[in-house]
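Shared between the two complexes below is chain A, which has chain B as its partner in the first and chain C in the second.
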Partner chain A sequence: MSKYTEKSVLSGGASMLKYLIRRVAYMVVTLFIIVSITFFLMKLIPGSPFVNAQKLSEAQQAVLNAKYGLDQPIPVQYFHYMINTFTGDLGVSFQFNNTSVTELLSYRVGPSAVLGLQAIILGTIVGIFLGVVGALRQNTWVDYSATFLAVIGKSIPSFVFAGLLQYYIAVKLGLLPTQFWNGFEYTILPTIALAMFPISICARFMRTEMVEVLETDYILLAKAKGAGYFEIAFKHAMRNALIPVVTVLGPLTVSLMTGSLVIEKIFSIPGIGEQFVKAITVNDYPVIMGTTILFAVLFVVVVFIVDILYGIIDPRIRVAGGNK
Partner chain B sequence: MKKSKFSLLLVFLLVLTIFVSACSGKQSSDKGTASKDSKQEATILESQEMPAMDTIQASDTISFTTMNNVFEGLYRFNDKEELVPGMADGEPVANKDKTVYNIKIKDAKWSNGDPVKAQDFVYAWQRALDPEQKSEYGPYMMVGKIKNADKVYNKKAKPEELGIKAVSDKELQITLEKPIPYFQSLLSFPTFYPVNEKFVKEQGDKYAKTAKNLVYNGPFELSSWDGPQATTWEYKKNEEYWDKKNVSMTKLTFKVSKDPQAAVNAFEAGEADITPKLSTPAIISQYEGDKRMKRLLEPTVFWLKMNQGNKSLKNENVRRAIATAIDKEAFVNDVLQNGSVAAYYQIPKDFVHDESGKDFRDGMPKYLETNKDEAKKLFEKGLKELGTSKVTLNYLGDDSETAKTIGAFIKDQLEKTLPGLDINIQSVPFATRIDRDKKEDYDLQMAGWGPDYLDPITFSDLFITGGGNNHMGYSDKKYDQLLKDASGKLAAKPEERWKALQEAEKVLLQDDAALSPIYQRATNYLINNKVKGFVIHKVGPEFSYKWMKIEG
Partner chain C sequence: MKQQEENIDKSLFEPAGVDTLSAEKIEKPSLNYWQDAWLRIKKNKAAVVSMVILFLIVFMALVGPLISGKDFSTQTTSEANLPPRIQGLEHVSFLPFTGERTLKNGDVVNPYEQKGIEHYYWFGTDNLGRDLFTRVWKGTQISLLIAVVAAVIDLIIGVAYGAISGYFGGKIDNAMQRILEVLMGIPNLIVVILMILVLKPGIIPIIIALSITGWISMARVVRAQVMKLKEQEYVLAARTLGLSNFKIIFKHMLPNLTGVMIINTMFTIPSAIFFEAFLSFIGLGLQEPQASLGTLIEDGFKSMIAFPYQMVYPAIIISVIMIVFNLVADGVRDALDPKMKD
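Now for the complex of A and B:
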């Protein structure tokens, strides 16, 4: 780090701590609001959470409602729920016969997380590579093919890739399993299918930014000072071009982990996305709430990490105190 | 941060090598056992996880099927759809008015060596009616059938007063509220299975949470199941089962695959031997004529309910016009294309047979046959009687792809055949539709019903005045009386009872045009040619694997 940044970091030490505390407080408030809104929205969904509502008489349903505390007025239910949640008790699932929500989520979060992370890693590496190469070899066949690949990744939905990969590679060629989640080779096809979108996003951003950065004054200066080709490309240009990519990485990570619903279904992966939608369709309130909280926490934390990362990547962006 | 283009390339190559090594390292251990000669193992795909293995907590078909294979009740349906003794030793002995039954228990064991006792049944049934247990199927199956079930459930009587007693370790006595002709088949349902009380008490909270928290008295044991969220589970042959010499399969592996195309892909890749029900016409038409596809006409009927709370639908001419305006043959042949048949009845065919083997539907006429010209005339008459030239109706249906296609078809048929009729489609999730049905917040509703036991009254009962599933504002004294007779004075006279139920169906459809049956559903499965003896039941738990074997 240069003398300039060292100085501001030292003097910003105390304000950094203040900043962190403030951010964490914001996070808690945001989460509180998200959870509350979801609770009330969920109570508005019509329908009974009991799987056999059709077959039960009114009296029998009343007995069940009382047992689950569903007959109490909504504000009372809300109060109980918030207290329980903040002490770590997310309740029990209706459809899965009293399994605790925390247990259900922890069972499912693993596969989704692994899948999401693998897809992001593959996506960023390949995407950045394509973007950099395209920018460095602007308007050549290298650039055009890289751009073409990126466009395909963005325009064709992931489930189409999933279906094609499953059919041609797993069924026709028998190279990999068609589905399930029993080892590393099972993760390959779903990861590729899911990585197509991140590849295209990263490639596009990376290329655009790189092209812009390559035209700037300080690059010109570095060239004039005699810096080598690789040094310019990677030490100077790429680092600056990475910022927009980092911006997108945050929400992209979360949406991958959670929005891989279709991929999880096609490849029969026991993940969270798939469980979430099922819970909504059968009105399994505790699971709906628990999953929402999980997603909200994840998103808020990722945004926070991304902000911190900015500070590390680009000394120009200091978010502590008033050092803007 | 000194990354060079070279190191980026390195990373890329690393990723590539991982791929290549993984490809070459693919073991065939997951390739299903279809390729192994006569090894009695198979892999079966299910479309959902299994929410519960406690016999009183289950409400879904997959849990019921598993229970049917790892537990056993007093009676079970065999591979010829006959009711045969399970835990029972021989046939029940009834008293004169068929309200008290004595049943002897076989010499049978639980998988932990404990003998199966009559008290296991008493304990299980009392437990099903304990409101603390929050059982849904317990009250549903027992109230109104087993003596005092209602009172016990509402804590107005002690559990010991329930109509089931252990006369001795090996003899049960069951008392009913009234004679029930299909009583014996009811006993094959998991809610009535025995439960080992000692084991349950030892397990406490952990009872039925995973495979090792259960004991089994059926043809198989659950050798692995991690709980309701598990996406795979396994059976192994139960060596303590009384009839184990007739069980061939030694191991069955179940995996959950929710995407229809993915399930077919697994089947084609040799990773599975049986698929879940095929649902997409595209897939079904691909396998039309393929010996591996097994088709079954289910005893499930789908109909258009017509809410008489809407004044236009209270008019019988309007209802009859709607019922006869829809081309049901075109529907099953052009829209569904999966072997389902057009339904001109309420009680399905291939469902129940009398003692001589005659189907309930044999010799019965078709009701509400399609007749578009007549329909138009009836509708015009109805409009005149209502004093209006236009009628708008809300059509409530599910939001699955199939359901939406059905809705579009019906809307098209009705609007084209009956000018002046406007249909508004509302597609909602299943739970929402049930809720709105209960509130009678609909005009037309696409609904279906499958039987809970092997008797026509499971369908007829739906539409008595104020019945729990009526919700149509339908009330006909003649219908009610016929049903009352069937459950009352004709209960012990099967022939006359049957006639009463057939007459009731005529009243509902022919006389009153209360609803419009559309189709009876067929289901299709892909089954590996080496799998023999895969039994699919019409009522109650869906599948039995006791008679399955792998050949060739």
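Now for the complex of A and C:
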């Protein structure tokens, strides 16, 4: 027995390492391409990046261009930008009091992270619960309402849902604060709005997996052994059904990023998403580029971690071939 | 018991006729793939109801702007911010179509009577006095148009890419897959936003931005399906007969790909609707006076506290569209996916 496990661990380790190296290489290439695309697209955008550009004289514009290095040829700018980016220097904001982008964003990571984490925790717990209940009570009204909730959560755009929540719960009923970021009660509505998508995705995925697991032979065996209902459901079935749910973490991060833009705007939360939307409306290139890169890094890293986790949790999946 | 059995006279029995022809008779008419799928989707009540609602919404999107008798871009500032009022329903106090609105201090006023306005705005008017009913359906029309065109472009690029990659295999497939893997690593939210920033908001830029990343999932499913199909005998037969690769892919394999193509497109359309609305909401949507559901929600959101109806109607329409599209898509997937066959 021990011989077998040792052998499989060894061979698994070797292929795992190869896989890791390949994935890291992909990550670097992807990030490089994202940074390049961002840079060149930003150069193509019409409009001046400076406040009140029309009021500036030619000489003033030239001075400003020289100050921010915008007078140099594009390849040179590109080279500098690449070097700066990979050393963590994202440039200086044109519009927001000349703060460095890294600093500007660092203030805003907190609220976004709190919101994102709360949403993902709420989303996965409620979602998994709905999925499990739906699978255990298959084709009853419990199952149908759980499925219906999941469809609604997946369908209604987060900003519509957030707007309605804000209007009916905060404005009309006055139960919770409408906007801003001043403590836990301010996080409740945005968290719920942001968690809707994770809830529905987890619920649907969990239900499908659970239904499949409940039909396997080992569940039959557990029943034959006389294991109790809850023991079977939660100890035997749920644990195996949970494994593939890890894969939805990738899409969930994307949804959280997308959602954070609109939800932070709606609830006036001083997070990264709100900064991004503001930067877009005022053409602040360095902030747009910096935020884009931050989002991209986050996304790429999460996808990477999810893939690795998946390979570790479920030994049946050969990481080398199991690339989704 | 035994006694009784013995009592039955043998003459009561007669040999059953062995008819070799009727033994092979098929009781039910044989159904092809699509008839079979149709039968299955008809059993799915949610999908059927959703299809009807979807049909109604598409119908209203085309006809709605015409029947209101008002133009979507005409501004009548003297009639701005009027609440909804519908003929016949204006005296039904529990419906929100009375033309009355509650002020902050709780007083109920009727701006129509105050201003002496005779005509009816079914969904009310916005802050520039434009008829919301017309704008909502016009917006639905544009949102659907953007989504459908984007989905068709995704379909064309995705099928071509996936089919070539899957059919030729080997080095071509390897190279194409590496490109795809890198592209998949780029969050499409970012690409879409950057593209709109560069191209300036408008219907065509939004379609381009949505199609740039949208085809990837289609390419992946088509590739997987093509790899499966190319091992089939009919492809071998076609190849033996000397057919060109192009003809094999597009004449022989394509019909067998329609299932996955339809399923995928049904899921692309709602996601395109969502993205268009999302872009509008963060200020990258269509420009005035054009309207889409996203820009209407964005406008309505700004004046939500005073005039909630300006946000509620477009919000309801987009939510309903998204829900029914997802339900129809689920239904179509279950009906077309042979694995789900019952």
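By definition in this document, the second predicted complex is superposed on the first by the 270 of 324 C-alpha atoms of A that agree within 3 Å, B and C clash if a C-alpha of one lies under 4 Å from a C-alpha of the other, contacts with A are read in each partner's own complex, and residues count from 1 in each chain.
By definition in this document, a contact is a pair of C-beta atoms (placed from the backbone, for glycine too) under 8 Å apart; a residue touches a chain by one contact, two chains touch by 3 or more.
Computed from a prediction, not measured in an experiment: that's the story for all the values here.
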Clash or fit, chain B versus chain C on superposed chain A: clash
Touching partner for A:310 - first (chain B), second (chain C), both, neither: neither
Partner, of chain C and chain B, that touches more residues belonging to chain A: B
A:281 touches, of chain B and chain C: first, second, both or neither? both
Touching partner for A:34 - first (chain B), second (chain C), both, neither: second
Touching partner for A:268 - first (chain B), second (chain C), both, neither: first
First (chain B), second (chain C), both or neither touched by A:26: second
Touching partner for A:78 - first (chain B), second (chain C), both, neither: neither
Touching partner for A:292 - first (chain B), second (chain C), both, neither: second
Chain B versus chain C as contact partner of A:155, first or second or both or neither: second
Touched partner set for A:163, first chain B, second chain C, both or neither: both
Where chain B runs into chain C (options 242-250, 332-340 or 512-520): 332-340
On chain A, the residue positions that both chain B and chain C contact, one per complex: 45-46, 163, 166-167, 171, 265-266, 281
Contact footprint of chain B on chain A as seen in their complex: 45-57, 59-60, 63-64, 67-68, 93, 95-97, 99, 103-104, 107-108, 122, 125-126, 128-129, 132, 163, 166-167, 170-171, 174-182, 184-185, 188, 230, 233-235, 238-239, 265-268, 270, 274-275, 281-283
Residues of chain A defined as touching chain C within the complex: 26-27, 29-30, 33-34, 37-38, 41-42, 44-46, 151-152, 154-157, 159-160, 163-164, 166-167, 171, 254, 257-258, 261-262, 265-266, 277, 280-281, 288, 292, 295-296, 299-300, 303
Touch list for chain C against partner chain A, complex: 181-182, 185-187, 189-191, 193-195, 197-198, 200, 270, 274, 277-278, 281-284, 297, 301, 304-305, 308, 311-312, 315, 318-319, 322-323, 325-327, 330
For the chain B and chain A complex, residues of the former touching the latter: 1-5, 8, 11-12, 15, 19, 22-23, 25-26, 30, 49, 51-52, 54, 57-60, 131-132, 134, 136-137, 139-140, 143, 153-154, 227-229, 231-232, 255-259, 261-262, 265-266, 268-269, 271, 429-432, 434-438, 468-469
